[in-house]
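Shared chain: chain A. Partners: chain B in the first complex, chain C in the second.
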Partner chain A sequence: MILEVKNLIKRYGDTLAVDNISFSIKEGEIFGLLGPNGAGKTTAIDTVIGIRDADKGEINIFGKDMKKHASEIKKYIGIVPQDIAIYPDLTAYENVEFFGRLYDLKGSLLKARVEEVLEFTGLLDQKKQFVRNFSGGMKRRLNIACALVHRPKLIIMDEPTVGIDPQSRNHIIESVKKMRNEGSTIIYTSHYMEEVEQLCSYIAIMDHGKIIARGSKEELKDFVTVEEKTVITLDGINYTLVDRIKTMDNVVDCSVEGNVITVISKKGTNNLNNIIQCIIDSGNQIVSLISEKPDLETVFLTLTGRTLRDEVTTA
Partner chain B sequence: MIIFKNNMRRLLRDKYNLMVMVVLPVITLVLYVLVGNNNSPVRVGITDNDVTFLTESLIRGLEKNCMVLFLKEEEIKYGLLNDEIDFGVKIDKGFTESLMSGEEVQLKTYGIRDYNGLIPAKIYINNFINSARKIAIASKGDEEEFKKGLEYYMEGNFETQYEDVSSVSSGGYYVQSGLGIMLMFMMYMAINAASLIGEDKRLKTYERILISPLTLKEYALGNILSFFAIIWVQIIVLFGILRYMFGMGFGSSMSSLLIFILIYSAVCVSMGMAIVNLSKNLSHVSALTPLIVIPMAMLGGCLWPREIMPIMLQRISELMPATWAMKGVEKILNGGNIATVGNEIIVLLLFSLVFFLVGSVKINSYA
Partner chain C sequence: MKALYIAYYTALRKVRNYGNLTSMLALPIVMILILGAALDGSFQIENINPVKVILVNENEDELLQSLNEFLKQEDIKEIINTETVEDFDKGMEKIKNGEAFALVHVKTDNEGRIHVYKRSGNIFRSSVVQSVIDSFNQSANAEYAYSMLGGNDVNTSFYDNISEESINPDGKRPKALDYYAMTMLIMTMMYGTTYGAFSMAEEQFYRTEIRLKSASLHFHEIFIGKVAGIILTLVIDASVIILFTKYVYDVNWGDNIPFIMFTCITLAVLATSLGVATSMIIGNENKAHALLSTMVQVLTFLGGGYVPYHSMSSVMKKLSFLSPNYLGLRIMLNAIYDGSQSQIRNYMAILWIASLSLLVISAFRGRRSLA
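Then we have the complex of A and B:
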């Protein structure tokens, strides 16, 4: 295991920001920490990496106790903080160079690494520009470059795409995918379920400081799915067909709206072939067919009764 | 050294810092010199209530070295307060009679500031009175004999020559003022430099740095070294400007003066750290800086002599590090050296210690 967290608790006064959470991350895994704003993701990350002291719990990184071996462990961790943490009065190159030096990089190696990460984040052409003139997206990318310059074994990305334009977001997502393909181990926190769904192999959902569910994407979806929905658009409606589908095994309901019929089946029955055969037998043409599965938003909604983007007031 | 280098790059690149470091002190000095041209003769205001051959001789001799203005008694105070005269002399009715009778007489003199430029005038007056008294004793009350003796004295080779042992030019007061302005801008610069820690917190780079293998101690040390370095750069630049642009001499103990001011820089740096760390944010620091630095400079004698202030304010000013810095500067300019300002150094180091403790406690608690 690259990271093991056991029974972590962090309080701010009377507020329990992180409530007895445990999780572990394997090498090469992209671990998604999903939850709405204020769920406790950033506090959990800050506590894991030692910015804040834990009230209770064990944190082992690279098999070593974080409390005892912090300075050694920190050499191999790269953090992309949620807030952009770079110097606006320095150039892009100088920023990355500074953070590289903090990790003991020097001379030609430092220069090569700086150029490498600037190219990776698409900022090489702007390396001599002052950061104060950068767009929000460029700053976010530079924020990432500064975390990668020392080639960390564990990368922690805390909401790396907050408040940026779609182009920069796509660039960041593609960069993370590239890192995933290169075998990097990443903790990725976000309240954008699409990102987590796209990138992460293992996901923990946090709310009110607790991990309320965890598993692979499929496991999480299966965890909440009770029914499967198939939406079929036909060239015309034959009401006999609707009645026939309704009487099929494992079909819970079938409704019609215009040329579109919606079939609800029991979970895991895989009766899509039977439905298609039934339509063909009735002489209708299928224009389109969508077999809908629940997304992580649905999972979160099912678990908490609110959406990921609901405003919350807890810290 | 990583933090040190990064800070130096940030500080030297910041136009506002360059303004505080060099441009504003130089502008202030230029204005100071223009307003108070140190080449002008000493202006002596005289109220002569006696009007005798003796007082006329005294005034005639004084006019050789000074610009003499005849004023009424009540005008002397006004003239001093409005910087129309540098020195006031009041000759009471009966002065000549008392002197001729052999009495120990003295003139009433008035001044707001005591600086080297006044010394020739004071020496002349004292010598004149002492000599006149001796002539009066020798003439044994004979007025004609006394007049002859006095004329002989006035026609003689008597001439006041004053040479400052510290080699400071007659514009010593302006040298002191120049250094006072420098000390004030050192405080500004130190607070600006210390604001880098606040800036790191605001930019969140502080947390990011502490996530790296760099320890809090290394971070603090790098910062402190850079604060000292930038102030030392300022000291060297301003010393150079005072010396070569304004032609100011710093006396025979130039090295003592430099060492003393370097010691004072410790007060500035620690005070800057204390202010920044006690402030909630950088806006707070910006608002506090002039509220702290300007009164401290005023009370401490950086902008004018402390002696012109009421006694109560002078007592309060003893609590200001700038006061002790100016006391030390004055001593060294008047021929002292680093050994003669031991008390001032001890007080300044105590101020540094207190400020440093106040500043560092908050730094540690933040992490």
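Then we have the complex of A and C:
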């Protein structure tokens, strides 16, 4: 385990921001922390890496106790803070260079690393520009570059895509995928379930300071679904086809209305291929097909009775 | 070592900041010219074409009328050529037609009363206009402070000649320009208090505090780095002011410029630690900033920054000893005009003891609040 947190509690006065959470992260894992605004994600992260003091809890990182070895451990962590943390009166290059120096990088190694992360975040051409003239998306990317310059063993990204244009967002998502493929260990927090779903191998859902569910994407979805629904529109109707589908393995029900067939399969059976094959064999044309798999939004809704987004707009 | 990097990048950011450049360099340089020229008829400004400015003279407002008078002084006329119009729209028309560079409008209804509208593009003209207006504001504040402190005839003492100021028996004495170059340089160093007040807060403002805390840095490395960075910035500002006034205005800084620089360092250390300590004790950097900017004006005033010491009332003269500006000025006067060595030593010692005590207090307080 790269990181192990046990019974972590953090209060702000009367607010219990982190309510007795435990979790652990394996090397090479992208650990998603999903939850609405105010769930306690940022507080949890800040406490884990020693930016804030915990009220209670054990934190072990790289097999060492954070309480005793904080300054040793911190050298190998890279944080992308939720709020953009860069200096407007320095250039992109100087920003990364400064933070690199705080991790003891110097000389040609520093130079190479700064160029490397600017290239990685697509800012190499703008390296000499002042950050005060950057767009929101460029600042977000530089915010990431500053965290990577010392090649941390554990990367923490706290809502790295908030408030930017779709192009920059895609660039960031692609960068995280690249890091994942290179074997980085990442904690990724977000209130966008699409991002967490795309990127993370293991997900913890947080609400009101607690982790209310955890597991792989599939495990979490299985948790809420009973059945999978496929709605198929055909060019014409063919009752032998309907009967064939009804008798297929794992199909619970099949109903027809006009040219539309609705098939209900047992959960987690991935029956789609079989159904499509069956239609093709029957000589019918598929006009449209909708397969309703549950997403993490549904998971959150089932667990809390609220949607992630509702919470976001009212927060 | 990391403290050195924090210091270097802090100074780099400050020196490049446009707002700081105008308030810490352009303003004092223009103020020296205005105050110095106002008091010395022999001083001529060459090679500067006056900037054309329009003043909207629409009513009998007191501030407007005193600004009008201020702008009509002979010495101001050499750098700013003011034309008055009756209403705002007429003035704006002239700006649009390129007949003038800036329009000054005194509004009667709100707080920040003097509004300046400038044509874009010319940084030099723009900073001349801004500096003149700022210096009007500052002298208005200073006059106010002076009258509050029991000064009597503001006008005479303000534009009084300072030639009575004599330091050593040979009768060597500073010209008005030399005198105001010193007081404005010292004032700029004392404005370092406001840098000091924001030194730690700016890391919160830019959110970069989280990066400093997540790197394996000790509190004292951050603290020393920030304080040293601000001192470095002030020393750079001081060098520019000294060199500029020496070669462009021909100000007499004496034979021992390194010693004048050392005096600036001393004042920079004092100002920075005063700023840091005030901000930590008050616990809110914006309140500290407001308090300190007023305080710098009062201290400048008490230190003979605008009205020479000898023309102050006797109560004021006693109060002057409380002003670091006064001590700094005495040190410089004594150094440049071969005055008392013992006064130099004693005043230096007072300034350093005060700075170091303030630094120790803030280091301890800061460690507690930032931990």
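Simple rule for what comes next: the second predicted complex is superposed on the first by the 260 of 315 C-alpha atoms of A that agree within 3 Å, B and C clash if a C-alpha of one lies under 4 Å from a C-alpha of the other, contacts with A are read in each partner's own complex, and residues count from 1 in each chain.
Everything below uses one rule, namely that contacts are C-beta pairs under 8 Å (C-beta built on N, C-alpha and C of every residue); 3 or more make two chains touch, one makes a residue touch a chain.
Everything quoted here is computed from the prediction, not taken from an experiment.
**Q** State whether chain B and chain C clash or fit side by side on chain A once the two structures are superposed.
**A** clash
**Q** Look at A:R101 in the shared chain and tell me whether it touches chain B only, chain C only, both, or neither; answer first, second, both or neither.
**A** Touch partners of A:R101: chain B and chain C.
**Q** Counting only touches as set out at the top, which of chain B and chain C does A:K74 meet: first, second, both, neither?
**A** Touch partners of A:K74: chain B and chain C.
**Q** With chain A superposed, which of the segments 114-122, 132-140 or 312-320 in chain C collides sterically with chain B?
**A** Answer for the clashing stretch of chain C: 312-320.
**Q** So which positions on chain A get touched by both chain B and chain C?
**A** 49-51, 71-72, 74-75, 77, 79, 81, 83-90, 94, 98-99, 101-103, 146
**Q** Under the stated contact criterion, what part of chain B meets chain A in this complex?
**A** Listed in rising order, the residues are 2, 6, 9-10, 13-14, 203-205, 207-215.
**Q** For a test of understanding, state which residues of chain A touch chain C in their complex under the given definition.
**A** Residues of chain A touching chain C: 46, 49-51, 70-72, 74-75, 77, 79, 81, 83-90, 94, 98-99, 101-103, 146.
**Q** Using the touch definition up top, name the residues of chain A that touch chain B in the complex.
**A** 49-51, 71-72, 74-75, 77, 79, 81, 83-90, 94, 98-99, 101-104, 146
**Q** Could you please specify the touching residues of chain C with respect to chain A in the complex?
**A** Touching chain A from chain C are residues 2, 5, 9, 12-14, 16-17, 206-217.
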